[in-house]
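Here the chain labels run A, B, C and D in written order, and each chain numbers its own residues starting at 1.
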Amino acid sequence: MEHQPTLELVQEVELIGHNKKHKMKKVVKNAEEAIAGIESGMTLMLGGFGLCGIPEKCIETLSKKPKITDLTCISNNAGVDDFGLGLLLKNHQIKKMISSYVGENAEFERQMLSGELEVELTPQGTLAEKCRAGGAGIPAFFTPAGYGTEIAEGKETREYKGKMYILEESLVSDYSIVKAWKGDTKGNLIFKATARNFNPVMAMAGTITIAEVEHLVEPGELDPNEIHTPGIFVHRIFEGKNYEKRIEQKTISK
Amino acid sequence: MEHQPTLELVQEVELIGHNKKHKMKKVVKNAEEAIAGIESGMTLMLGGFGLCGIPEKCIETLSKKPKITDLTCISNNAGVDDFGLGLLLKNHQIKKMISSYVGENAEFERQMLSGELEVELTPQGTLAEKCRAGGAGIPAFFTPAGYGTEIAEGKETREYKGKMYILEESLVSDYSIVKAWKGDTKGNLIFKATARNFNPVMAMAGTITIAEVEHLVEPGELDPNEIHTPGIFVHRIFEGKNYEKRIEQKTISK
Amino acid sequence: MLGKEEIAKRIAQELQDGWYVNLGIGIPTLVANYIPEGIDVTLQSENGLLGMGPFPKEENIDADLINAGKQTITTMPGSVFFDSSDSFAMIRAGKVQLTVLGAMEVDQSGDIANWKIPGKMVKGMGGAMDLVASAENIIVAMMHTNRAGESKLLKKCSLPLTGVNCVTKVVTNLAVLEVKNGAFHLLERAPGVTVEEIQKATEGELIISGEIPEMKL
Amino acid sequence: MLGKEEIAKRIAQELQDGWYVNLGIGIPTLVANYIPEGIDVTLQSENGLLGMGPFPKEENIDADLINAGKQTITTMPGSVFFDSSDSFAMIRAGKVQLTVLGAMEVDQSGDIANWKIPGKMVKGMGGAMDLVASAENIIVAMMHTNRAGESKLLKKCSLPLTGVNCVTKVVTNLAVLEVKNGAFHLLERAPGVTVEEIQKATEGELIISGEIPEMKL
């Protein structure tokens, strides 16, 4: 029984080994080390919305390993021709994309129309919830998004309180690759502004989750109340250098 | 299409009226004003785990309105005899409890055994997820908790990847009452330490959500990156005074 | 006949104090320019922001701060960031009081098509399917007819649907129409536009009840 | 025969470096006292904390910082707080490598009963049903027999179940047993306890294969 008041109060809990000799076992040197183990045919989740908050270091490093092919990439978007997932597309490393919006990208369009690239379009909220569910041990859930459209084809539908819903199954990945602003060596992550987007839910849903961060700090430097992704979801972490953070649409006020 | 690059870039977006004359319409004076509208027979969600993070001001004020009865209270626990939900129990204001763990409370036991009080026990994780789902527009989801036990009786079961799950429906409330550490006049909330617990998910699931906070500040004083509950989920907010914050089990290291 | 700016201006009149609003790409985005004085409206951007502010000055551009159209933006006092699942949680739970979006077609039963044209490159639905399936109040901002002069207010959408029975109002260059009980109900005419012109440009069933006022901008 | 502290000590030997662990109330809580030197284990408390530290000094007590047993506690460097849904998200998704909890009964198919005795006041299952349905590695810490001397390791649980086919190991005052293929497999004897004594105290099917070593504490 989890919450039964115990009669045996532990008077002195000494967590031996906890403070001492911190090993930083999650910390890897760089993107090269971080992506070790990713193989052809695997399913990856990649955080980001457009080019905002994408794990640019790991993507770039993956693109330098063109022998890793037939990847299924779950990512809200597909990058642009020469940045983000566009780099993997150009190398023909991606077999299938699961996204909500694609095609700021001519190469993407060419591969899709030629049938080289399989695309599974998923409503954005459903995609986010599928990742969150996968990372929360929820195998399926009902959502109203897409009811009555081709998205609902072949899916179970059900009425709750007079409204129609479709049953969607959750997603998990072999590797989830996310980008955070700050992280500590225990894998705790803090994202910045709207670069948060899909990163936290994809971090949850990774069998192995890789986090690249702008600032890697020691445990205790991040306020435990301000962490967005608890370290339990993160298996490898490294500090990336010289982030490009390309802007897709620079809009300014005069 | 939500993410199609637009050709019509808005060159000057002036959000007239946005910064001016901030009306603080969500701010109410006190618990008395905050609970206005709660009526007999309604369903309430109340944040907290044990006595930690409970909305003690609103509960106390509700207990001074003994004519409000037949409440269904969704709360992980049921307070103690003279604090928290125990106060409403003593007044016989509660018809039904939906909780995961009850009975640090003699009056609770008496009413339950006598049949005055109906109790629906729900696994703690399922309870949290039911609230979160209710606040996320998800009417039902599959969870493994309780499969093969009496909790699963009468519920649909299904196998995913070789494991069995049961279908649980989400919960929403007429009023959700939560307690936060800091809040701003737009309803944005920050919780402290483990006093967070059920508060954020219950805030999401309220038709009307009331937040009592220890510190009420102006918009802009909370870092937008550190807010746990976005103000869109909060309809009324006030600053409570002199929180008792009773401790159930004081345990110390020598 | 209204221009895009005027359509946005007319839609802005629908805003109510305290509302949370999601504005789609295109004409809907322009609505932010016309929020009436004294009305406190909070803009939701589904990529994870409540309280979207204006575009930044050149020196304040932050690549980590964009809207759902991927444009650089700013925050407002009281803004809050969240992840994509929390963003669509609030959308799905109906916490956003108004969604404004564009469309290729709308029909008299409130169905909307705005994401796919068979035979053309499909870019995806983005958050549109979640938004239209969730919001109780959905206003479509669009031209009354397409470039070929054909009505976009139909008996039945011909393109693949984005959502069903969801559009509550349509504001076009010609008129304001309410969608209910399986028909378009004409509420207002654009300045200088006659009921006959609207009737002619509307393929779906159009209910004209009494004198139709000209809209005030 | 082991005391409670020794049962906890034996269970602590199962811990592996880097694991996240959830310890239930009672004997399981004591395991925290015996985490082996050099092993980095993070304790999860399902009310919303990863990285549970020791009890506070009197002057550091914080009513807002408790564990799932409602005891006042402290944090560790690298601790993190989260809400109840995120807490059970990580539990349900199998991110917690080991769950240790007490039981009234365990049976040879791995079913566990630990929340309800018919006819007695039922306090609730708390997080136990979520934990046992989710974790891949569940160790039960309990006495081998109840106060009446009856075995708590059964062919089939008689009390209302908390979960099915979930217990992987049982550590009692008499023995360490693995639960697999529908039987209890005897792994170790408590110091001074014979295989015969364990056999006698075990109602469920007990597999004894080869020489059973005495446990090292």
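Convention: contacts are C-beta pairs under 8 Å (C-beta built on N, C-alpha and C of every residue); 3 or more make two chains touch, one makes a residue touch a chain.
In this text the structure is predicted, and so the values were computed from the model without any measurement.
Trainee: Just to be sure I understand the contacts, which chains border both subunit C and subunit B?
Mentor: For subunit B paired with subunit C, the chains in contact with each are A, in label order.
Trainee: State, to the nearest whole Å, the distance from the C-alpha centre of subunit A to the C-alpha centre of subunit B.
Mentor: Inter-chain centre distance comes to 29 Å.
Trainee: Using mean C-alpha positions as chain centres, tell me how far subunit B is from subunit D in Å, no decimals.
Mentor: Here the centre of subunit D sits 30 Å away from the centre of subunit B.
Trainee: Would you pick out the residues of subunit B that each touch at least 2 other chains?
Mentor: 1-5, 9-13, 50, 100-101, 124, 129, 132, 136-138, 143-144, 191-193, 224-225, 248-249, 251, 253
Trainee: Show the residues in subunit D shared as contacts by 2 or more other chains, in ascending order.
Mentor: If we look for residues of subunit D contacting two or more partner chains, we find 46, 54-55, 68-71, 75, 81-82, 85, 88, 91-92, 123-128, 134.
Trainee: Of all possible chain pairs, which ones touch?
Mentor: Listed by label, chains in contact pair as A-B, A-C, A-D, B-C, B-D.
Trainee: Touching residues of subunit D toward subunit B in the complex: what are they?
Mentor: Subunit D reaches subunit B through residues 45-49, 54-58, 61-73, 75, 81-85, 87-88, 91-92, 111, 121-130, 133-134, 160-165.
Trainee: Note which residues of subunit B are touching subunit A in the complex, please.
Mentor: These residues of subunit B touch subunit A: 1-5, 9-13, 50, 77, 100-101, 104, 124, 129, 133, 136-144, 158, 160-161, 163, 165, 169, 190-193, 224-226, 248-249, 251, 253-254.
Trainee: Where on subunit A does subunit C make contact in their complex?
Mentor: 49-53, 76, 99-103, 109, 112-113, 121, 123-129, 131-132, 143-151, 181, 191-201, 228, 245-253
Trainee: What does subunit B use to touch subunit C in their complex?
Mentor: Interface residues on subunit B, with respect to subunit C: 1-6, 8-23, 25, 132, 134-138, 184-186, 188, 204-205, 218-220, 224-225, 227, 230-233.
Trainee: Given the complex with subunit A, which residues does subunit D contribute to the contact?
Mentor: Within the complex, subunit D touches subunit A at residues 4, 17-18, 20, 24-27, 29-30, 32-44, 46, 50-51, 53-55, 68-71, 75-82, 85-86, 88-96, 101-102, 114-115, 123-128, 131, 134.
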